[in-house]
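We just call them A, B and C in the order they show up, numbering each chain from 1.
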Amino acid sequence: MAVGGALAAPETIGTYTIATLGSHSALQILRGARAEGFATLAICTEASEGIYRRYPFVDQILVLPSFPALVDRQDTLREANAILVPHGSFVAHLGVERNKQLQIPYFGNKHVLDWETNRNAQRHWLERAGLHMPREITSAQEIDCPVIVKLHGARGGSGYFFARDAAEFTARTAGMAAGSYTVQEALIGAPVYLHYFYSLLAERLEFLGADIRYETNVDSLGRLPSENQRGLPIDPSYVVVGNMPLGVRESMLHNVYHLGESVVAVSRMLCPPRGLFGAFCLEGIITPDEQFSVFEISARIVAGTNVALPSSPYADLYYGEPMSTGRRIARELRNAILTGRLAELVE
Amino acid sequence: MAVGGALAAPETIGTYTIATLGSHSALQILRGARAEGFATLAICTEASEGIYRRYPFVDQILVLPSFPALVDRQDTLREANAILVPHGSFVAHLGVERNKQLQIPYFGNKHVLDWETNRNAQRHWLERAGLHMPREITSAQEIDCPVIVKLHGARGGSGYFFARDAAEFTARTAGMAAGSYTVQEALIGAPVYLHYFYSLLAERLEFLGADIRYETNVDSLGRLPSENQRGLPIDPSYVVVGNMPLGVRESMLHNVYHLGESVVAVSRMLCPPRGLFGAFCLEGIITPDEQFSVFEISARIVAGTNVALPSSPYADLYYGEPMSTGRRIARELRNAILTGRLAELVE
Amino acid sequence: MAVGGALAAPETIGTYTIATLGSHSALQILRGARAEGFATLAICTEASEGIYRRYPFVDQILVLPSFPALVDRQDTLREANAILVPHGSFVAHLGVERNKQLQIPYFGNKHVLDWETNRNAQRHWLERAGLHMPREITSAQEIDCPVIVKLHGARGGSGYFFARDAAEFTARTAGMAAGSYTVQEALIGAPVYLHYFYSLLAERLEFLGADIRYETNVDSLGRLPSENQRGLPIDPSYVVVGNMPLGVRESMLHNVYHLGESVVAVSRMLCPPRGLFGAFCLEGIITPDEQFSVFEISARIVAGTNVALPSSPYADLYYGEPMSTGRRIARELRNAILTGRLAELVE
């Protein structure tokens, strides 16, 4: 692949293929790639292949016995002149080490993976950026408030549980290996997911929208009067079913940008020189004092952006045309190719 | 009306009128019809007429003393060269028999009405398609879980109630005629409404989006802390106020398509040869084990699609232009007319 | 500024500047102004300036030490040939009297401010229009139902609290000055915000959409099973975090229009001859009997319309192009300028 410094003509865009793993937000990524003129490729397992065959903007499908087998099939991607666009399930499907081994041009900074996927490192990053985080709790003795327990490797919201106090925590973690979970103060407030795009080319942070998750069963419990909940075997769970679009109060946008820019700025010190760029998401809770407490950063496109097709209110403010996060990624790659700067965005 | 096999020129589309009953999703249906080049007609009662007069895409309004009076006014529709597009309130407004009596070209398969409107037949259909359904309960003795009681003829979510156990069920149904309601296991999970379009012309199932209902008062109960609910005379009700857009997890799409295609496939055996086509909706609950339990199918366009104007994320994946379900219906009819296949889609 | 009766050519639109205070829904207002061909100006404090500098459609920013200082900087607006478009935070930022003192052409009827900002006057207005309102409670003795207590000057949902009965009310208001709050019957039902635009030029009321607020912490309480709420120090609060789009049942539209038109009609008697025009919002609760009880009117654009960018389902029914409420305002001003009727819309 030519990732050098020469300018390219628009008609060359179609000689590049945007490729991603077939899951999570792949439809959006590939739809956006097509809209910007790229060829597209979905890397699938047999289980997921069917979905991607249904959509006319998926030019090519690479079917693998499992996602990790990609390591041995990089030739196909190389032949397609592919750029890999990672999404929020890349690490879950491939693991950090396999991600790093891939020799295909990858949109983003792979060093950020180390800071994102290690819970302590991530907390160091976010706290250094000045973000408020829910208190981490390291022993049952410390518990003086309700807590959320997150099992390591939990995905899509499963493997989380709520404990009201130390007694409930102790009862529920009996038999679980210490170190197999983390414990956080459970804040009582409104969950919000903020979606950003940092353009290394334009040196600009764009806020592209917000969503809330729709989780089973917690988002249906409120439909049962408390009187009707009595005696029912209700075990609250946080399995993500989907996402719903959210507009945020305009007076909060100042802080929304401030949080995003702080995270980017610190990332440049941690992973110099480029730091974090492309799509990312801050996930948190807004409490009644209007404090946004961040419990996690996702350093790639997250699934909540799937509700913002063809556009979102915030994307509409920047662009006079539909602009999903997937398309925004493709636009950045397109601009990079046309200006001979692709090498800055991939590794 | 010419419903024969000859090809038609695009300029003939305007000689056809898409007509529907003025309620439910008529605005969307007629707006979509106009976008595809059809003339439009709203069949109204005096009570509903006013709304449809407000919108510039409604060409003609037929005012009737009541919806059933349509049977005696088919001449007006015939003069307009009308195609009737049914929506989720057609059966409620006209009844199955009157629907069948109408001699106006009707988009869809009227035989499906028999399977849709009879609760036992519908359950047979869906279970034969392999869908998981909440358990049906036939006597108070069987009740070993919370239940939802649905009065026959309930509409828009009114006439439903929740009973925690057999005692509450017995108390609340005292005095009600046996056979005037059905009783289902109440699943604790996230309600989801999945919107599909099956194209007989393209032989393709399209998933066009999802929504959740917004119901009073159950969707506001959670805003009251349980402490504040104590002693209040709260009787949970499920009256539909509106709908909110939902994006679904991409990993669930495989199952979403599988459910829809199974329902279509079985419908061809039950109502051969065409079975179910056009817009339909699967309504269910996703429980924490990621099981989608379907409690109902609506075999026509449902009101939840009203949130997806001008488009939805999933419609956007298929179409590069705004495509509501109403417009998708008109597009199908347009394509049928242009290719001389209208007779296959109407009866 | 030329606000006279002469017709104007389209190319003159760019000689007018739409200006608003930098907060609330200013991005939408200025984005819409740009789309209609106007120059744009954001009036900011140093705290809010940063946000408006980020967006390319903001041509000019006037930075003030505080919003009230605008009174002394009207020259800048006059030089820009500005029309002030007020939004829901204008009164909070400037106060009614300062709003009236401004000598800049102001979109809307300033007399309506008196009826909107005085709680008794507003109730008189809405009741005269036949709207159902939650009962106002004037003493603890009257309390025979749960109540909402609203501190005067409360903004963005803070300063509200819920009291289950007279005892809780008395305990929580102990020490508060009588007259520093109002008390309303707390209805148990679904909150809904209805967005309208009344065009004085077209003499037409347009329903442009609906939303619900997303409030912390009340909209997250339901995620905690009642069992888990026990003993937690949960104080329900109503601080607005953002908004979510809502489609309303088509059968309710008749009433939606009726409510809006009644409010406009009565406003013409109260503030003759023009009454209320432009954007406004009815805020209420729909109870299970399908009664819409209005607890407030906002006589200008409200923040809930921010979710409807680039468009909403209801705007899409009127317009074949994206039409936010902000753009609808600019469209009205544009039409007025082109037809020599601007003087009718500003004062």
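Here are a few things to note about the model shown:
Here is the rule we go by: a contact is a pair of C-beta atoms (placed from the backbone, for glycine too) under 8 Å apart; a residue touches a chain by one contact, two chains touch by 3 or more.
Predicted model only: the values in this text are computed from it and were never measured.
The angle of the rotation superposing chain B on chain C, based on CA atoms and rounded to the nearest 5, is 120 degrees. At the interface between chain A and chain B, two copies of one sequence, fewer than half of the residue numbers in use are shared by both copies. Distance from the chain A centre to the chain B centre is 34 Å, each centre being the mean of its Cα atoms. Residue positions 215, 219, 221-223, 226, 229-230, 234, 244-245 of chain A are each in touch with at least two other chains. Note for the complex: chain C touches chain A at residues 23-28, 31, 47-48, 50-51, 54-57, 156, 158, 211, 214-217, 219-232, 234-235, 237, 239-245, 303-304, 306-310, 322.
Residue ranges on chain B touching chain A, taken from their complex, read 146, 162, 164-165, 188-192, 210, 212, 215, 218-219, 221-223, 226, 229-230, 234, 236, 244-254, 257, 285-288, 290, 311-314, 316-318.
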